[in-house]
C-alpha cells in the first residue's frame, strides 16, 4: 500500500501538539521528577494537580499532573489556529461518527474533546493563558533545560487506520516503516508544526501512549541529565540511550517517570515545512532505523506504554513487533 | 505606533524563505568560501554559476552564485505552498501596483518575480527539483555543517512600510525595536516557517541586504568555523561574534564572503508557530538587544550591506542608527 | 589486601605512555580506519608500515601499524624523562631478572626493550623525532579530532602482581576494584602523567591488550564519530558506548579496528598530579563502576583482546569476571 | 636573548599551583559571585572568610576570600611533592636572599612564605586537608561547573627576571612573546603540572595579579555562564570573550569579581609533560597570539590588575604594551 497522501487542505487548522495530562500515583514524587530533575517550570499547583511549562513556551502548560489511583494518560492536547477552526473541528469529528463534547479546562479557552478511531482521547482548544517569556531568564534553567514539548508517540493496533485519520486532518507523514509482507504500515511519524512529528504511531497493542518528548538545546544537555539522574536515585528510570535515531535523525534518551510514563528527551531532528517533502521509507529489518549506531533497545521499550483513561487497548492486526535481542 | 497586526488569513500561502542569488566577482574564490569552508554542498555548477544546498535540504538550492562584474544580491527567493498560491500571489502584487513578471529559473517550476515597496527583488515558486536526502550522509559534513538557510535581514528606509507589506502577506512580527521619540519601528523580525524570522528589517539606507543566515547544529560548530577560518586565510572575513543575540536569543557569528556579502551562522532561536505569540519589544537604547553579553558590534556591521541588482538605495526617514562605540 | 603504596621516589622517571605498535593484516584497511576515519595524522608510511600522531602531539608517533600475518600488539612504548633514566631503567629491570635488550627504532633514540612479569613487551626511550606543532592547523582536523594518546588497558592474570610491578616504577593507583572474597585486586588504574591512567589492569586471561585510548576534546566529537562510522561501513566496528564510566568519570566509546584491536575514544577524566591523591575503591558488584548510567557492556568487551607478539596468555588466578547480562 | 633553559633537575619539587587568597571588600557579594554564580563549592566559612574548592579537587581549598578594607591578592599558593621538599625550598630561597618565614594556615600543614624577586607573595605547603570526592555528585554542579584551579597570570616589571627565577625552581616555558627590538621577553607561560601554565608573566607595572583561571569541561559551559551572568546583574562583570587564545590554544572568558579581581574561565589547552617540549614563540605584533579569531581585548584587560598585599608595583623596564585599539 502506498503511503497515504496527506490532506494539503484539511478541514480545520491544527497548529501543533500542545500538552499531555498524566494521572500519577504520587504527586510529590512526580514533581521531584519533572520539576526538580527534568527542569520543567511549575506554573500552577495545588494539592491535586500541577501544571508546568518548558523554558521557551508562553502557553500556560505543556504537561498536567493529576493525583489519581492508577497511572494513566488522560488526554493529548492540540492547539488550533483560530476560533473558526473549533467549529470546523466539531463538524469534522461529528461527521466521522466520533463523540464530541465541550469541556472546561483551567487556563484554556473552551475545549473540544473527542477521540481517534482507536479511542485515544484528544482535546482541541484555541487559546491558553499566555505567560511572560522566560527563555532568557537563565537563572531558571536546570536539569535537562527542556525548551518545549515536541511530540507524542503511540501504540496503534492498526497504523494504516491511524495514519488515514490523522492525514485527513492535515498531519503529514515524514518517515515510515512498512511491513514488506503485508504491505501494511508498521510505524509512521506525522507532523503539523514543521518537525519530524507531532504524533507518531507504532504497531502494537493499543491505543497506548508510548512516550511524550521534550526538546532540549544540544546532546550535551542529555549527557548532563544522565549524569544527574544516575547519581540522584534515578538510575533505574533510565531506559534507553543516549543514541541517534535513524528515523528522525534525532539524538535521544528515554526515561521513565515514577509511574512508568515514558519521556523522551530529544534534539536535532530536521525542518519539514515543505508540503512536498518526500516521506522517508525504512525497512522493518534495518536495525539502524531505531538506532543509527546499532545498539538495540531493551524489551521494555518495545512492550510497555501508558494506558489512556478509560480506554481498553486491543491487539494489533499485525504480528508482534520483532524485538532485536539486545 | 502599535505593532501592526499580522494578517492571520493572508491572500496566499508562503511556506518559507527559500534561496538567495548573489552576483560574485570571482566564482572560484566564492566556491572556496561557501563550499570548501562553510561546507555547503554543490548541486550544480558550470563556468558561470554554482548552485548549492545545505545538509538537511532536499530542494535543489538555497544559494546561487553567479559570476558578474559587480557584487550584488540579485533576488530573494520564497517557496509557496500550492499551485493556486501562485495565481493568488500574482493577483495580490498586481493589485498593489507592483511589477509582476513570470521568469524561467533552472531547477524551479515557473517563478513569479516582483518586488517589495522599496524595490527588494522577490521571487516566488511552488516546486524546485527535489534531491535525495543527505542529512545522514555524515561523511559529507564539513566546515560549519550548515543544515538549512534560515533567514534574510535587510536594511529598510522605512521599516513601518516594510512590515506593513510583509504583514499583509502573512509574515508575523516576533520581536521588534521601536524608536521611542517618533513612535516608529526601528527594526522588526517577521516569520512564516515557525522560527524567529524568515526576513527582518532594520532602519537604514535601503533597500540593501544586510545578511543571509544559515542554521547549524550547535554553538560548537560555530567555534569550529572560527578556528578554521582564522587559520586558513579568512581571518579578516570574521566580522562579529561569536555571541548571543538578545533579540531571537540565537547564538551567532557574522562573516563576510570574498565580495563582502555578509553571512550569519546561527543556531538555537525558538519556535514561533503559535498565531497568538506576542511580539517581544526591545528598547533601542538597550545594548543587550544586539548582544545579550554586552559586546558591541563593529561599525562595518551597522553600515555595510549588499546592493540589490538594479536598485538604488535611498536614505532612511529616521535618523542614523546609533552606533555603540566598541 | 590494602592497595599497595606507590613508590613516590621511583628508581627512574617515566614521563608518560608514548605509543603502541600493532601488527595488522591489511595495512590499507587499517589506514582507512585510523587516518581517514579517526583522523590521526600520518607522519611516515611505506609499503610495510605507517606511523601516525594525534593533533596536539609533537613526538613523531603514538601509533605504528605494521603489515603482518596475524594481528598482534607488538609492544607498548613509554617515554623516559632524561638520558640518565635509561641506564637506571636497565639496572632496575635487570635486577628484577627481566630480559633487557637495546633495540633500534626509527624516529627514536636508542630504545630499551623489556617486559613486565607476565610478559607484556615494554619499550622505553628518551627522545623521539620532534615535529612542528599542528594543533592550530584546524584544516587538518577530521574524524574524531584525536588530540593525544591517553592510556593502555590490559588483561592481567594477576592484577596484584601487575600493580606491584608498576607501583615500583612510579605508577600510582587512582581507582581500583577489589574482589571482596579473596581480598585481591580485580582491576586497577595507574598513572604517571597526571590523568586517571597511563596503564590499567583487569583480571582475565593475560597478558593481552584490552584497548588503547585516545583523548578527544568533547563528547560531541564522539557523537560525530558514531554518526560517521555508522554511515560509512563501520557500523559493526562500534562495540560499546557512548557512555560515562563510573571509574575515571570519563565519557567513552569503544570501537574495533579492522583486525579487532580495540580503541577507546575518551575525554573528560580528572587531574591526578597530587602525590597524596587517595585511590577510589569500587565494589565489584556495583554496575555503575563500568557505566555510571547503568547500561551493560557486551560480552565481547569482557572477553576479547589483542595478543602480544610472541606471548602466550595464561588463565587468571581469580574466577572469571562476572558479566552482567546486557 | 634565547629563551632560558628550564632547570630539568630543580632543587625541590613543586607539584602545581594550589590556591589564591583574595582580600575582598564585601564578603557576601563575593560569595554570591564565586559560589552562587561561578559554582565553586564552599568548604568552610565564617564571618571573616570563605574557603572554596572546585568540583574535581580533593584538597580543601583553591580560593580563600577574606573580608578586608581594600581588595588585594594576598598570596599565591603552591603544593610541594614531599616533606623533604619543604626544607629544600627553604634552603633555596634563603640562598637567593629572599625572606622566608614559616606560617600557620588553616587546613594546611606548615607553610613556607616567601616571595619572588619582584615581591609576589608565594606560599608553599605539602599537605592540605583532604575532602571526599564530589566530582560525581552531579546535583552539586552549577554555574560554569568549575573543575579545578588552572593557573595564575601576573604583570611583571621584568619578565626575563621572572622567568629566570621560576625556571630555576623547575617551571618550564611553553609559549612566549619576545620584544624583537630589545630581544627581551615580553610575556611567558610556565608550567609544572603538565598544562600550558601554572603561572604566566606579562610585561607591565608590577608585580600585580592579572588573573586566576579555572578549568571547565567545554566551551558550552562558558556560554552558559555568559547567559547566566548577563541576565542576573553581572553584565558589567564580563570583560573579554568568549574567544580562542592563540597562545595556549585555550577557549577563554575573562570576568571581574565584585572587587575587580579578574577570573579567567578556561578550557582545552594541551598536554605539556614532555621535558623536551619546544616552547612556541609568538611575534609581539601578531594579534592572533591574543585572540586567534582576531577580536581585540578591551583596554581594561591590558591595564588593570590586583595589587598584592603590601607590595608596591613598579614600572616595567620595557615600553608600554602596544594596545590594539578594539
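For reference, chains read A, B, C and D in written order, and residue numbers begin at 1 within each chain.
What we mean here is this: a residue touches a chain if its C-beta (ideal position, glycine included) is under 8 Å from a C-beta of that chain, and two chains touch if they have at least 3 such contacts.
These figures come from a predicted structure and were not determined experimentally.
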Would you mind naming the chains that touch subunit A and likewise touch subunit B? C, D
The pair out of B-C and A-C sharing more C-beta contacts is A-C
Which integer distance in Å separates the CA centroid of subunit C from that of subunit D? 32
Distance between the centres, which are taken as Cα means, of subunit C and subunit B, whole angstrom: 50
Would you mind pulling out the distance in Å between where the CA atoms of subunit A average out and where those of subunit C do? 44
What are the residues of subunit A that contact at least two other chains? 136, 218-220, 227, 230-231, 292
As the complex stands, subunit B meets subunit D at residues 218-220, 223, 226-227, 229-231, 235-236, 238, 242, 244, 251, 288, 292-295, 326
Show which residues of subunit D lie in contact with subunit A when the two form their complex. 136-139, 218, 220, 224, 227-228, 230-232
Which bits of subunit D are touching subunit C when the two form their complex? 8-9, 15-16, 56, 58-59, 79, 81-82, 127, 130, 133, 135-136, 147-148, 193-194, 217-219, 246, 249, 268, 270-271, 273-278, 280, 292
